[in-house]
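One chain, subunit A, links the two complexes that follow: it is found with subunit B in the first and with subunit C in the second.
Entry: the complex of A and B
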């Protein structure tokens, strides 16, 4: 009997709470902002161009999913802030009240907030670990192509140790063959960023760092430096060419010339 | 009224600050007039008959002969290129560049830049693609342990702009032949040619660390504009 009364009282409290105008306003702002963020948020994952490797595809998918998951949370925070600034602003001409309202915790809201946040974090953690695992090098019959990547102020050069130490200022790779990069620098710290192929790794002076990728798309892509490295850092760019195996072999046979 | 006035003043102050910063950046990025390539006739190349342009630069162990004026500006002891670090070239032309190298040097930190990259044969001087003329002799690379400077030109990858990568090593003048004042009587003379594409903006810089010891000799002249780096405008 007493349980029934308590339940009725709680339902009544909730009904009263949900009818408050400020809550409806915040909810409306939240829904509107969520729709906007869900619609426009994933655009940033597309700004680097169409993925040209499985790695980049996985990175783009992860960025998109994380954006979808984070959009309602971000929208709720922004909605509360916006309503606090606009809806609860001090009326014109009125002085500040002598005493602020007491602040009490709200058990159900806190509980829901913690549970939803935890579930979201666990889901994203599991997704992220899965994607990281999928990026690990896979056993394949194709022999990996080794390329030494050397950063200089302010140009890249590439050496092919298994192909007669051919050198080039452009990164040339065959499609569908695993590539292992030995990344280093001869002066300051650079960052080797193969944009559309989803490779970004620091080029440390006189230290070799490994990175790998398997290009899946023919074409011309961007190589940039992603670490502020001096006067012409912005100009430390070159092209990456992904060729068919026959064209790549021809390029090698020509000593690194088209 | 007071609030509106305060808001207006704040906006004006902000705009003044932005304008000041933009003006400062604009002035500090201005370069001296570029050294222009001069077209003199045509030349037969792998891309057909092209206008043949000529341009000359020099590298000095100080800043007294370049674009910083006879006083050398604020850093007269810094190494420099001259007469200007801004270069203007014609589009779709064979460009023959001559660099007179007066400076001493040491070991290049990446042997890649001891090789000649991106050049084509200069008509009549016996060079082939990938070579330069060093003191009258065609070479495709030099000793990386005795490098004075390099001239390395590259581009920002941008849609529609032709790729242009040219790099030549400039061997060092022996230390004992670099006088305390004035310049060596036996500089190295390096001549090479390359073909420009369409209009575009490029940069060049020296790949031999010839600045101070701030970080592996990449300070001072290597870290400032108008000494060992500059711009190339192809038009």
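Entry: the complex of A and C
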């Protein structure tokens, strides 16, 4: 009996609460902005260009997914900001108000806020770990092609140790075959960046770092240096060609010439 | 005992009466020249192959002696020397040092009054921003189109590195320097800092390093980016010596300032100012300088090692010779990630401090604000290697560092809750500092979310070293940090200068710079997404539109900032005279007269509540805390 009275009181309290005009306005702005920002979700992936490998595809999907997840959060902050500017501003010329409610804190709101942001954080982490796991090199039947990547001020050199140590200043890879890069440098730190394939690892002097990728698209892509390496850092770029297996074998047979 | 009744003190000061900025510069020049000449004779001035370390020895010795001569000339050593001679300072000497009855000249002396030190910091910060801003304009002009090269790659790289380090120094001191010094002691009800002479020392060390930093312009620049990775750094010209000496002196200064501010807040809060009644800005400043205490010595160590490698042929960082360049990278980022929060936290805390004043509401969930700040501080020392995901240093640590980095979003989210909660239903007094809070929230949400993308290891693989990162950290450090500092300038302007800030001119400047800011860095996000690397002086045609947009945006920022600067100068010299508490704020600094008397309070206050007792208590909620504030007596 007393329970139902309490429930009634609570529900009428809620009904009263939700009827407050500012609350409905903020909710409306929040929902509207969220929808607007959700449309923005795929925009960044679009600007990143068509992915040319599974890694790049995973990166672009992550950007889109994180944007979907972040949109309501950003929208909430901006909704309160907008309503504060429009709905709660004192008229021009009026001084400060002495009628603001003295809200010191709000337990339930704080609790929900912290729980939701923690859950979002856990989601980010689990997603990231899963992504890292799925991108880790897998033992496959296809023997990976090893390419030595050597940075020097200010050019990239590529060597194919399994193919008679062919040297090239363009990166040439066959499509759909796993590639392992053994990356190093002979002078300062460079960063080997295969832009459209989502590969980046530093080229450290006198050390070898590893990176791997399986190109999935035929075409001409960009290799750039992503770590300031001195005078001509900006010009330390070359092409990456992804060829069909037969074209690649032809290229090898020609000793690294097309 | 009132300060105003003491009258002039004719005999205090002694030698300090003769020392000022002029004697400091003279002392620095004389000692620096002697150092340069003698060490040049010994080690050789040239930089031929037979003299690999000589020029660096010469410049490091010259700069060290400049700093020592400068500090001697300003009188930094007079106190300790008198003490060791058994002639410690008398009361009159201390009053002289505090700048009593010296008018404008006290700003050019080793003055211990925390208010003078605060204004000195403010001026130096603005000077550094001006220099850094000009450098930014040079960078953006070079990048306006893909074929403009107003200078060659050597100069371009030098300008980029110098812009970076000048802005880093400026942003680190921009809030804790001016307002940590001017405002915090009054805010906690103290007459000065715990160690007033250390306070002057910390400022004059900063003053001594500014010429050293700028000397890089004449010594080949800092063509390594501000991170100065090894072994690129060891290839760099003696401009690197300017860099490492700057960092070493800066670390001493920030250590001294940090110890001083932390001690002051721990020991000198007014009676009754419990931690629950201590204003949030005080927490922000203590968090910032407290975080700097472990962070900058690491940076200093990294640069001392650099200096030893450069001058004596040790090989700490030389991998080929058995050293390890990743040692540098780790030491650098051990400082580098706490450092962004050293910049950000006090700027956000300043806004948390004055937001309640303009909405006339208590700060929403003070405890969440404190825990948010503490959580950020704690986590920030455990995230440094997210700058190193792609180095290959420790791939197995990428996942744990991703965890710590993403965890920061929780305490940061709590700070957002505090802002949003304080805005909620607050009747807004729409003055310019208040509007700056909106701008900060807009920028910080963008900077924060792009930071979350970058915390993800695979995503960072795509963006590390690209313009996307550059845009991201400008959104946080400039969009949130600098905007917070600009808000702080506008809010405390009446107390610091005694005049009201001109919100009309200032508003034009502020909003023009905000529009320019968003245009600039949205353009930069776009070219970053498309794959433009950072720190490049020329780029492929693919990035042309985005760069043009960024450059036009940057010019707009510069225009806005010039107008804002004009508003500061105009208001400071000819603004309307400010009443002592124009905002009706409840923190202590607004309860003392303007200009603030030398010893701040005639009678030290006793605190009976926190300073956020605004608004009408709501009946529907639990009983409210009593909100009678103490400043009233």
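Here, the second predicted complex is superposed on the first by the 239 of 258 C-alpha atoms of A that agree within 3 Å, B and C clash if a C-alpha of one lies under 4 Å from a C-alpha of the other, contacts with A are read in each partner's own complex, and residues count from 1 in each chain.
Keep this in mind: contacts are C-beta pairs under 8 Å (C-beta built on N, C-alpha and C of every residue); 3 or more make two chains touch, one makes a residue touch a chain.
Keep in mind that this is a model prediction, so the values were computed, not measured.
**Q** Quick one: on subunit A, after the overlay, do subunit B and subunit C clash, or do they fit? Just give me the call.
**A** clash
**Q** Classify the contacts of A:222 with the two partner chains as first (subunit B alone), second (subunit C alone), both, or neither.
**A** A:222 sits against subunit B and subunit C alike.
**Q** Look at A:177 in the shared chain and tell me whether it touches subunit B only, subunit C only, both, or neither; answer first, second, both or neither.
**A** A:177 contacts neither subunit B nor subunit C.
**Q** Of the partners subunit B and subunit C, which touch A:58 in the superposed model: first, second, both, neither?
**A** second
**Q** With the two structures laid over each other on chain A, which partner does A:234 touch: subunit B (first), subunit C (second), both, or neither?
**A** Once the two structures are laid over each other on A, A:234 reaches both partners.
**Q** For A:169, using the defined touch cut-off, is the partner it touches subunit B, subunit C, both, or neither? Pick first, second, both or neither.
**A** In the superposition, A:169 contacts subunit B only.
**Q** May I ask you to decide whether A:77 touches subunit B, subunit C, both, or neither, giving the answer as first, second, both or neither?
**A** In the superposed model, A:77 contacts subunit C only, not subunit B.
**Q** First (subunit B), second (subunit C), both or neither: which does A:99 touch?
**A** Second partner only, subunit C.
**Q** Now for A:157: first (subunit B), second (subunit C), both, or neither, which partner does it touch?
**A** first
**Q** Looking at subunit A, does subunit B or subunit C touch a larger number of its residues?
**A** Per-residue touch count on subunit A favours C.
**Q** State the stretch of subunit C that overlaps subunit B in the combined model; pick it from 111-119, 147-155, 327-335 or 399-407.
**A** The one stretch of subunit C in steric conflict with subunit B is 147-155.
**Q** Please identify the positions on subunit A that touch both subunit B and subunit C, taking each partner from its own complex.
**A** Looking at subunit A, the two contact sets intersect at 187-188, 205, 222, 230-232, 234-235, 237.
**Q** Under the definition above, what is the set of subunit A residues touching subunit B in their complex?
**A** 150, 152-155, 157, 159, 167, 169-170, 186-188, 205, 222-223, 230-232, 234-235, 237-239
**Q** Along subunit A, where are the residues that touch subunit C in the complex?
**A** Counting only subunit A, the residues touching subunit C are 22, 44, 47-49, 55-56, 58-59, 62-63, 66-67, 70, 73-74, 76-78, 80-81, 84-85, 88-90, 92, 94-106, 109-110, 113-114, 117-118, 120-121, 124-125, 127-129, 131-132, 135, 183, 187-189, 191, 193, 195-196, 198-202, 204-207, 209-210, 222, 224-235, 237.
**Q** Quick one: which bits of subunit C touch subunit A in the complex? Just the residue numbers, please.
**A** Interface residues on subunit C, with respect to subunit A: 153-154, 157, 160, 223-225, 229-232, 235, 319-320, 325-326, 357-362, 364-368, 390-392, 398-399, 402-403, 406-407, 409-410, 413-414, 416-417, 419-421, 423-430, 438, 441-442, 445-446, 449, 452-453, 455-459, 461-462, 464-466, 526, 529-531, 533-540, 583-584, 612-618, 621, 624-625, 627.
**Q** List the residues on subunit B that touch subunit A in their complex, please.
**A** The touching residues are 109-110, 112-113, 115, 117-118, 152, 154-157, 163, 165, 167, 203, 205, 207, 209, 215-216, 218, 222-225, 229.
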